[in-house]
Structures are given as structure tokens and as C-alpha cells.
């Protein structure tokens, strides 16, 4: 799979091409002009698409932006009858499930990455790598199907009851077990973001210079001590970037979440057993009902919000990863 | 600074050392367990989906259209055909755009403009696919008052572009400059150099990138909900709603009928297989030209 | 205190890097290992502190006896060996996120050798022995990466010393440094031999001549010749040694 760390770092370091731009741009031969035009046309089309997506979303949500302003973020529901639209429960659902997923996927993912790079015997490494990559490629619909047909019923009948019996003193596990709900969605999201966290963490750990590892090993450190004192601290920024990238993925996941989250607002409480919905599931559920006018505009504003949130997390993650890629020990003479 | 002690080399056994060794062992076990968990979930999922669906993967499944509501039997041929058509059209649009943009970034682009293009294309990868579905929905579906295969293809093509662009650019950058110089020195024009020399030498990597993009969109569902929409009827007209495998799986997942639920599993199994085969193929192809640790 | 290496052979996957090399090292001495690139001198020292096995596909044969104990014996762990045999690397590698003090203190802290005020004394003593104390005594808390290359390398030496090893392995420690820093480190090496067995890998023949008591010449994984430095340099026994020393290849 494409190396995110290196391509982000490379993109900011433009190398010298031996015959590149100068020669190419000067060439006036007809087939060169044609080729160049074709290439530039493609680039402009792609640019246009990017700008159009943002632009159309903004323009189409303008009615609700004007009508509600900030209160769009705090209104309780999509209520076409009373012409009141808001995404507060959606925002809550989005962040709650994503936070849950991060909470579990980061230790699992970083731990798996650490195992694969430091402890795993060479013979097993290839197959384990492959399996983790394969996990990443599973289509969300498959996870959604499993979640809806197998996992949620199990949660309702066994899983959530067990949690309530043993940990019911925690506000997270109180209330009626529904199976479908925040816990189910959070769990499925954990599975979905785990592979990307693992593979980027692996790349990040690989970027830590060998000499740093060896320096500590040569003093008589155990492998775990090398991980604790060298790999994790020096890889910290990169792993944070990986986590934020994974967060972005979780925030935007639609189909698996829609299938298992219940799609019904519940009275706000800390219970993970509650149903809820997310920004993405709101879009998927409401677009069919949307009448032209405020309703339609509200759906699009939800999309705009989702776009903004994922853009911010994505850019933040890539900044972190790019900065980490440049951070190195300065050896040699000054 | 000589350490005062016996000249022998055995370290003094100490509780401290044992604690350190125990800590190390603990770390091995815990991280190993985590890795095992991650990997065994995948294996479990494959086995479970297979178990639920494989018995329904008969010839009918691949050749018949869906049975009437509640009926037994039937198949998903309309979805398979639809997927092929729509993903095919999406590839026809998305792959050339992505390729040429990748060529631009690797061969022509320099300076601010290229950096912005690269930045925007990379940003595109982080956008959830439903946003593209929403975009095409408001731009194509709503004005046309109809869902369509074309709309689905357009949404999927946007998703494909950044993947193809990025892998093409990466792979083209790996082609040594000497190759370009040699070609130019022989009198070839820049476009001929790119088309006849550089691109062919990066062929395997580019094809890998294309496969990656196709495999990714073949499993997409969310954007299709709003564009192709799906239909229980056999339809090859891309201007009308068209059924696709992920959409059929979605519909059947929510169905109360057992046959359809099993067929949903069967369809999922096909999707998973597709994806795992693509992963294998890509790994096998990437082993050659990519420097992997 | 003595190291005896018997018939040491080492491989990286299929490539054999060392072919039955036998060498001895006595206390209070500096032994230089010279030879052209790829002759196996780095591999050799990495076998002495069991770092060779960290490379993927690494294999090894033969005995390395330190005070009579084979460090590759079944009951010996790499970690324990490495505590007794310190290593200085080609490029200075202090921990970039840590201060000068923390870098020197890491060995004693990890290995539980001292704490508190005794640790502070140990750090000061190590930095003095490494000839760095005067330059950093007022900024022990400063990040180590702000030091110059030569200072960083002396910091690494202090770090190694603080760990109370009996042997110091130095793998081309001056190759990334400017001439002045190199001079300082060479001075340091001459002093260090009072307390340690020093094994110095160098591609700089003159450096070997300046600093070492004994020199061993390796070529293509084999030990060609070994002896007191002055003798080896003035009256090499083998023609290959002579050729290398006169610069006919390298």
C-alpha cells in the first residue's frame, strides 16, 4: 500500500529533474503541445472537481446557514414539520463513536505495530503483514452486515448484559441493552480503523533511525526498553498523526455505522447502549426524504460540516506526519 | 572507571534485572496478543461470512435475477452486471484523469501550482465517500429527477482519482533520470519520452495503482446509495437506477427473509474474496519494485 | 581482563563477512582494525558485543571468550554481554529528545547502577573522562542535539563509560567529524586505554598508527596480519598488508 509518510514528506521536497520543466515547456512540436494540453486539461478538471465539491456544498447549504447559523450545531433534530434542523445528536454520535474507536484502536494498533516490527519472528512477519493489510481492505458493507445480523443481536442478548452485570456501576453500561447503538457502532469503527493505525504506525516506527535503536541496545537495554525509550518517544508525533488520520476515517464512515447505530436519537446520557446517529448516517437516511428548500439544504449542510471536520483532521494529521518525517538526529560536524 | 568486581563475565543476578526481563516478556506477550486479536478477527469474519453464505453460492446465484419478494432462489446477476458496468464506466473516467494528473505531478509540475495540486489531491483521499455521493446527488441526480448508473460512475470516478494519481506519481518518480536523459539524447521529444520510455518502465506500478483503485471502489456502498440507488430489476441502462453488488447486499441485509439474508452473506463473501485477491495480487506485484522494510 | 576470539565466522544471509578470524585483546591496550571497505572489520566488532545478531539473516560461528567465558554460550544473554562491552558508533547517536545529562545517565539508570547524588557524580566523572565536562557543565539540561558533532561523539563516549563496561568498541568514531574533533577523540582514546580494552575500527591508516598499540589488518573477511603497530607498519610480513599500507589499494 502507498507509503503515506514518505509521499507526504516527498511532496514537500521537490527534487531536480534533469530535463523536466524547462525543456518540456519549451517544446513547440505539435504532439508535445497536444500532450501537454491533455495533461494540463486533466489537472484542471481534477482541480475543478475538488473546488466544485466544496463550492456546491457551500452554495447548496446556504439557506440553512442563513436561517440557523450556529444554532444548526445545537438544534436537536431534523424536524421538517416545524422547519427546525439541527445536528447536535449527529455531532454527538459522530464524536462519541469515533472517540470510542480511537480509545481502543490506538493501543491495539500501536501494540500490533510494535509487535510486528520488534518482536515478531521473521518467518511470521510476511503473513501477519498481509493479514493486517487484508483487514484494511474489507468493504464497510461487509462489516455492516456482520454488525447488523450477528454482532448487534449478540450484544443485545449477551455482550451488553454481561457488561451491565459486571460494570453496571459505570454510567456507560447503564440503561436498556438494545444491541444496536453507540457501543456497536464504536466497536465496528474500532475494527475499521485498526488496520490503518497499525500500518502507519509501522511505517512511523520504521522511520526511527537504526542508530538510535542500536545506541540503546548497545548499553544493555531490553527490547521493550528500546521501544519505551526510543521508538515510542521518537515516533510519538508520527503515531499521533496516524491516530488523527484514523480518526478522520472513523468520522466519515457511513454504511457500517448506519447499519448498527440505530438511527434514532435517544435522551442524552452517557450510556453506550443508547441508539444514536452520526453526521454521515443522517445524510444517508435523510437524503431520500428531503424536500427542496430548507430540508434539502440541511442535508447538504450536514455534508458540508462532515467535509470540514474530515478536512481539518486530515490536514492536521498530514502536518504531523510530515513534520515527523523531517525530524532526525543531527550527527556529524556542525 | 573500572568496575570493581570479579573478573568473570557473568552478570550479578539481581531482582532488578529479573524485573526488567519480566517487563520485556510482558511486552512481548501483550503486543503479541494484540496482534493475534487483530488478525484472528479477520480470520473469524471470513470464516463466519463464508459459513453463512457459501452454500448459497450456486450457479443460480451468479446467473439469475432476484426472486420475487419472499421467494426462494434467485440470484444477483443484475447486481453483478451493474457493478461491472458502473465500475467500468467509473474507471474509464477516473483512471485517465488520475494517470495524467500523476504524470503532471511527476514529470512537469514544479513550484507553487504543482504543490497546491498535490496538496489538494492528497486532501481528496481523506474525504468520506458519502460526500462525493452527496455532491453527485445534488449536481446530477436531483436536477435529472432520477438516480442513474452514470451518476454512480461519476461518484466512483472521483474516489478513484486520488489513488491513481498518487501511485502513478510515486512510481514515475522512481524511474531513474538516466532513462529520460538517454531518451532525450537520442532526440525524442518530451511527450515521446514520457509515453514510450518512462510510462512503460513504470508499467507494473501503475497497473498496481489502478487495481488498487478499482478494488477500492468495487466495494463502496454509501455514495452509490445516493446515485445508482439500486433496483431489483435487471437493468443495463446507465441512465436509470442500476443495481450493484454492495447495494444488493445492503438491501438484503435489512430484509426479513432468510433466503435474502443468506444471499447477502453470499454477496459479501464474493466482495471479500475480490478484495483479498486484489490485496494478494498487489502484494505480489509490489514485492518487486517497492523497497519495503 | 582479556578477550580471545577463536575462528570467528559471520554471515549476513548467504554472504560470508568473516572467515575464521582469530584475535586476542589484552587489557590496557588499544587495538586498531584496519582494512578496505567491506573487509569485515565492522562486522567483527559487532560480533564482540553481540550486535551482529540484530541484523536480519545474521549468523555466526566460533567463540568469543571474555575472561574465559564464551559470550555466545547457551546461558549468556545478549543484553548482559552488551552491558559489559560498550560501543561507540560511526555517527554520533545521542537520543535527540533528551538532555546531555539524561543521555549520559541512561546506562546507569537502565542498569540500576546508581541513583540520585551518586548518579550526578557518575555523570560528572564520565563527562570528565570523555573530555567534555568543561564544555557542558553549565548546560547539562540542554538538549543533546544542540551539541556539535565532536561534542556529541564525546557525549556518546561518556554515555558508554558511565555504564561501567570493561571494553570499549569504537566503530570508525571519527569518520563523521572534522579534524579538530578527530584530534580530541584520538587524545581521548590514548587516555581511555588506561581503564579499558579499546578496539578501534578505522579506515584511516595514519590514525591507527597514531593511536593504537597493536593493529590487525583484515581483507575480505580474513585476518591477514596482526601485531604491534610499529612493527606492522614498518615491517609488514604479508604482501597484502604492505600493499594496503602503501596505499596501493583501499
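First chain written, first letter: the chains are A, B and C, and each begins at residue 1.
Going forward, a contact is a pair of C-beta atoms (placed from the backbone, for glycine too) under 8 Å apart; a residue touches a chain by one contact, two chains touch by 3 or more.
Predicted model only: the values in this text are computed from it and were never measured.
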Going by the average position of its CA atoms, which chain sits the greatest distance from chain B?
C
Comparing A-B against A-C, which pair counts more contacting C-beta pairs?
A-B
Whole-Å gap between the CA centroids of chain A and chain C:
46
Quick one: chain A and chain B, Cα centre-to-centre, how many Å?
15
Residue ranges of chain C touching at least 2 other chains are 80, 83-84, 110
For chain B, residue numbers touching 2 or more other chains are 20
Out of chain A, which residues touch more than one other chain, so two or more?
222, 225
Considering the complex alone, what residue numbers of chain C touch chain A?
49, 51, 54, 56-57, 79-80, 82-84, 86-87, 89, 91-97, 106-107, 110-111, 145, 148-150, 152, 156, 159-160, 163, 176-178, 181
Considering only the defined contacts, which chain A positions touch chain C in the complex?
122, 209, 211-212, 214-222, 225, 229-230, 233-234, 327-334
Note: in the complex, chain A contacts chain B through residues 1-3, 7-8, 10-12, 14-15, 17-21, 23-25, 27, 29, 31-32, 34-36, 38-43, 45-47, 49-50, 52-53, 56-57, 60, 107-109, 111-112, 114-116, 118-120, 128, 130-135, 137-146, 148-150, 191, 194-195, 198, 206, 222-225, 227, 245, 248, 251-255, 259, 280, 283-284, 287, 296, 299-300, 303, 306-307, 310-311, 313-315, 317-318
Can you list the residues on chain B that touch chain A in the complex?
20-21, 23-24, 26-28, 30-32, 34-35, 37-39, 41-43, 45, 48-49, 96-101, 103-104, 107-111, 114-115, 117-132, 134-135, 137-139, 142, 158, 161, 163, 165-167, 169-170, 173, 177, 180-181, 184, 189-195, 212, 215-216, 218-222, 225-226, 246, 249-250, 253-254, 261, 264-265, 268, 271-272, 275-276, 278-280, 282-283, 293
